[in-house]
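Down below are the structures I want you to see.
Both of the next two complexes hold subunit A, though its partner changes from subunit B to subunit C.
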Partner chain A sequence: MSGTTLAASRSAARVVGVVTVLAAVALVELAIRGGAINRFIVPLPSEILLAIPRIIVDENVLHRFWQTTQEILWASLLLAVVGIPLGLLLYRVRILRLACETWVAALAAAPIVLTYPLFLVIFGRSATTIVMIGFAAGVAPVILKTIEGLVSTRKVLTDVGRSFRLSPAQQFWKILLPAALPSVFVGMKLGLIFAMINIVGIEFLINFGGLGQLINELAERYDLPGTYGAICFVVLTSIVFFDVTERLERWLRPIE
Partner chain B sequence: MTGLAISGWRIAMTRLAIVAIVLAAWEALAASGLLFRDVVPSLVAIVQALWRLLGNPDFYANLGITGAEIGMALLIGGFAGLAAGILLGANRFLSRAYEALVYYLGPTPKIIFFPVMIMWFGVGTGSKIAMGVVSCFFPIAISAASGMRQIDRVLIRVGRSFRASAWQMVSKIYLPAMRAPLVNGIRLGLGVAIIGTLLAETKLSNRGIGYLIIQAYSTFDMPRMYALLIVLFVLSIGANAIISRLGAAKSPRAA
Partner chain C sequence: MAAQRDVSSDRAPAVTATREALLAVEHVSKRFETSEGVISAVDDVSFSIAPGEFVSIIGPSGCGKSTLFNIIGGLVGDYEGRVTVGGNVIHGTHPAIGMVFQEESTFPWRTVLDNVAFPLEIAGVPKQTRLERAAHFVSMVGLSGFERRFPAELSGGMRQRVALARTLTSEPRILLMDEPFASLDEQTRLLLGDRVLQIQQALRQTTLLITHNLTEAVQLSDRVLVMTYRPGRLKRTVEIHLPHPRDSEVVSSDAFGHYLAEIWHDLREEASRGIKEDESRVLHGRGKA
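This part shows the complex of A and B:
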């Protein structure tokens, strides 16, 4: 009984959330039509809505979406191929970990994306620059979470391995890696989200590539409904991306 | 594993060795001519540029502008985020209705809102502050909300039984009790506020550190750009460390 009321109040709250957003949009529409908000600064929400199908067709959004997705995929491949082994290396060579782990943590807090002019000089205004920035922005959490997962492997598991006289390679593949995987996935999820944010951001900043560039172009053309519509589209896309990575991570994580 | 204690001295030596290897590799790369000239300038050139930069009053003027923008952004975004977080954390209905919005909008690329911010707040410092606010609001709101939920119910009941007013509840119970998660939120917020503000400066401005960086890039003054990035990294990592120390200090009941 209480379960059903709980579920009912939960869905009621959700409905209130959605209704508030719709009401806010309607209010903005009214305020613009009434002249309280300048329509050359904020276009009508209805115009923005109408602009979305237009930009999807005219601006080749699917192709842009695929470009950005490709950049994210390359960056995630780099994150997995470089970040996880680096974490493993720091775990294996204990003195290196003691010396470097705080550096990696500091790197995670550093505004790496601000070095993008440096990447531009090295890799040119190209997809490589974008991928490399995405990778650089996301690699620190992958390393840190890989170390964390390996370090927190329960001792009883490694002891079982030792009592079966596993070779170091077997110990790694059969015990350490499976035990560390949940944490590694958390690291990959964080890294991917950082990579995605920075990739779209850099596309916007250097006016190159997929979805980020679309916003820059529309803004430079002063196509207001288009700009707002494209921003809504990119925000929705990143929400979907965020949701998918969360679900993927939960699905891959074994039951604890 | 823990039995093998490694002395601090050996760690320090390892660090020194790593730094020495990296610097030597850098210098070798600079001398080799493998990359375009000046992409990897000699360390001497970078140190000279750093010296010139730190002796230049113009640099401090720009640093002051960027610092003021970030401070302002953190103040506005921090208070807004704190208020939103306390409301969401204190009320289950509000949390169910609106928290998903904050949670999902948090990890979106904020810089794409910059064209809109320019239209709303102009091309000057206003739009940069707005970018910082938009960036730092989300981590602070999310941390404050989760901090509120972690507060010991007993403390809240004590406050209520003393008939504390809403303001007293916030200032005497909520804020002191959620200090650790809140400080962590401010730390994260500062990080993204720095990024938001400076990226906006690199895109469109005529003042601030972001502007200096992009100016060094467009005049291909690489040593100066490295010097600026080094200063920026030292300042932001330092600020981050200071804030996390504030959160760690004197919280004996954190557990």
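This part shows the complex of A and C:
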């Protein structure tokens, strides 16, 4: 597929995506107005839309959005800086991989969020606790997918490197890492999902600012349009991070 | 076993590692330990190649051709015998030897030009110089205009040409190719053969081609070495006295047909043995299960 065709199909996909979301929202609006959904449980999307300017002004939502974004940013940096090298270490040291891979996979399924009191004891009631829980929740898929990407690198590519007499460092930077990147990015995206869920969840639980705390406060006030409006900002954070990740991946691996 | 080896040695060419030989393979043997016991993949293989010569090794599947390719290329160690380049014994990979692999080996994350410039990048050649030199080899393999394309945008034949250009960019004294066009259709293979001949004649490139394709071997080579089925030994050498410069038109000549028949006469027995042994192994395996 040529570059122009690829760009055109990506634009078309975005348009279809936006139209689909708008159609779903319109459908919910109709379902609530028609009485199919209880409006005391799910507010009208139009009410949520009207609540957004209010929570921006009254609840200082942009500041909270920025706080949550920063926490996710730090957690994702930790995921990349610690998770990818850990994956590489387990790939290189076979005995370590055989010993630890199952435990790492188990960590991915563990309800890390329930261990938040332990993190509070270690890091105090601070943003560090939130970042570290996000990191701990997301690191397992990053490690596992990094290992998978490195292991599944086609042997012929490393043979090409050997035939050109690459040093071990050159083999890694010029061949292994680029070849493993698609899998590494899958791991990063999964890790980000886990990290974001846990970050917002912990903000909700420990009342330490951010969008999670705002959702908690608005829910306790039974301000449903405001609560859903704040959730929209969580979704926005997620969209921003995924968009940045995808752009980064396309920059590093232009064509698949 | 010893008697078999003697017979094979009688028929195989003597070690011809003369002073002018650029590449010499001397009494090379390789065994692998498998769950079914020790398998002798290559047994006492000796031959040499003079500078500028194009030699093909042909044999049935499983005769150890690719093992020999990996031994000469330095990717497989722990073998008996020795491999020399210019009279010097080599251990492991050697800058004088450039390899083109059977499997698709271009880097999907690099453009054609960046793929071809790869060896120069590793050698630390400045960007502008390496891109100019890479463009020269891209043009040589007939891919001008595709420099900015990625491998995913190319056909299988084009990708193999990129791999060939990448190896040529490292300017190896010996080009080692392992069935580079095996996955391509016959017509494309013939036309790419023409391209390889043009390049070989332009660069006077010493080339060793591993193949199981008779037409390809006769079309391209000055000499064809026929291997036996497992363990792989040299059975016979056939000198190809077809005129140079040569192209795929040569396949319609009587002489070409004569060479094909001559090689097939030797190869048929080995290929039949290979098929029978494979069938026997499968049946035996099923019996065990």
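Convention: the second predicted complex is superposed on the first by the 169 of 256 C-alpha atoms of A that agree within 3 Å, B and C clash if a C-alpha of one lies under 4 Å from a C-alpha of the other, contacts with A are read in each partner's own complex, and residues count from 1 in each chain.
Just so it is clear, contacts are C-beta pairs under 8 Å (C-beta built on N, C-alpha and C of every residue); 3 or more make two chains touch, one makes a residue touch a chain.
Computed from a predicted structure; not experimentally measured.
Undergrad: After lining up the shared chain so the two structures overlap, which partner does A:Ile239 touch, if you call subunit B first and subunit C second: first, second, both or neither?
TA: In the superposed model, A:Ile239 contacts subunit B only, not subunit C.
Undergrad: Is A:Val16 in contact with subunit B, with subunit C, with both, or with neither (first, second, both, neither)?
TA: It touches subunit B, and subunit C stays clear.
Undergrad: Looking at the overlay, what does A:Val160 touch: subunit B (first), subunit C (second), both, or neither?
TA: second
Undergrad: For A:Ala169, using the defined touch cut-off, is the partner it touches subunit B, subunit C, both, or neither? Pick first, second, both or neither.
TA: A:Ala169: touches no partner chain.
Undergrad: In the superposed model, does subunit B or subunit C contact more residues of subunit A?
TA: B
Undergrad: Given the complex with subunit C, which residues does subunit A contribute to the contact?
TA: 1-2, 154, 156-157, 159-160, 162-166, 170, 174-175, 178-179, 181, 252-256
Undergrad: Quick check: in the complex, which residue numbers of subunit C touch subunit A?
TA: 73-75, 93, 95, 97-99, 101, 103-105, 107-109, 118-119, 121-122, 150, 152-153, 167, 170
Undergrad: Can you name the residues of subunit B that touch subunit A in the complex?
TA: Its residues touching subunit A are 1, 4, 6, 10-11, 14-15, 18, 35-36, 39, 93, 96-98, 100-101, 104-105, 107-116, 119-120, 187, 191, 194-195, 198-199, 202-203, 210, 213-214, 216-217, 220, 222, 225-226, 229, 232-233, 236-237, 240-241.
Undergrad: Write out the stretch or stretches of subunit A touching subunit B in their complex.
TA: My answer: residues 9-10, 13-14, 16-17, 20-21, 41-42, 94-96, 98-100, 106, 109-111, 113-118, 120-122, 193, 196-198, 200-201, 204-205, 212, 215-216, 219, 224, 227-228, 231, 234-235, 238-239, 242-243.
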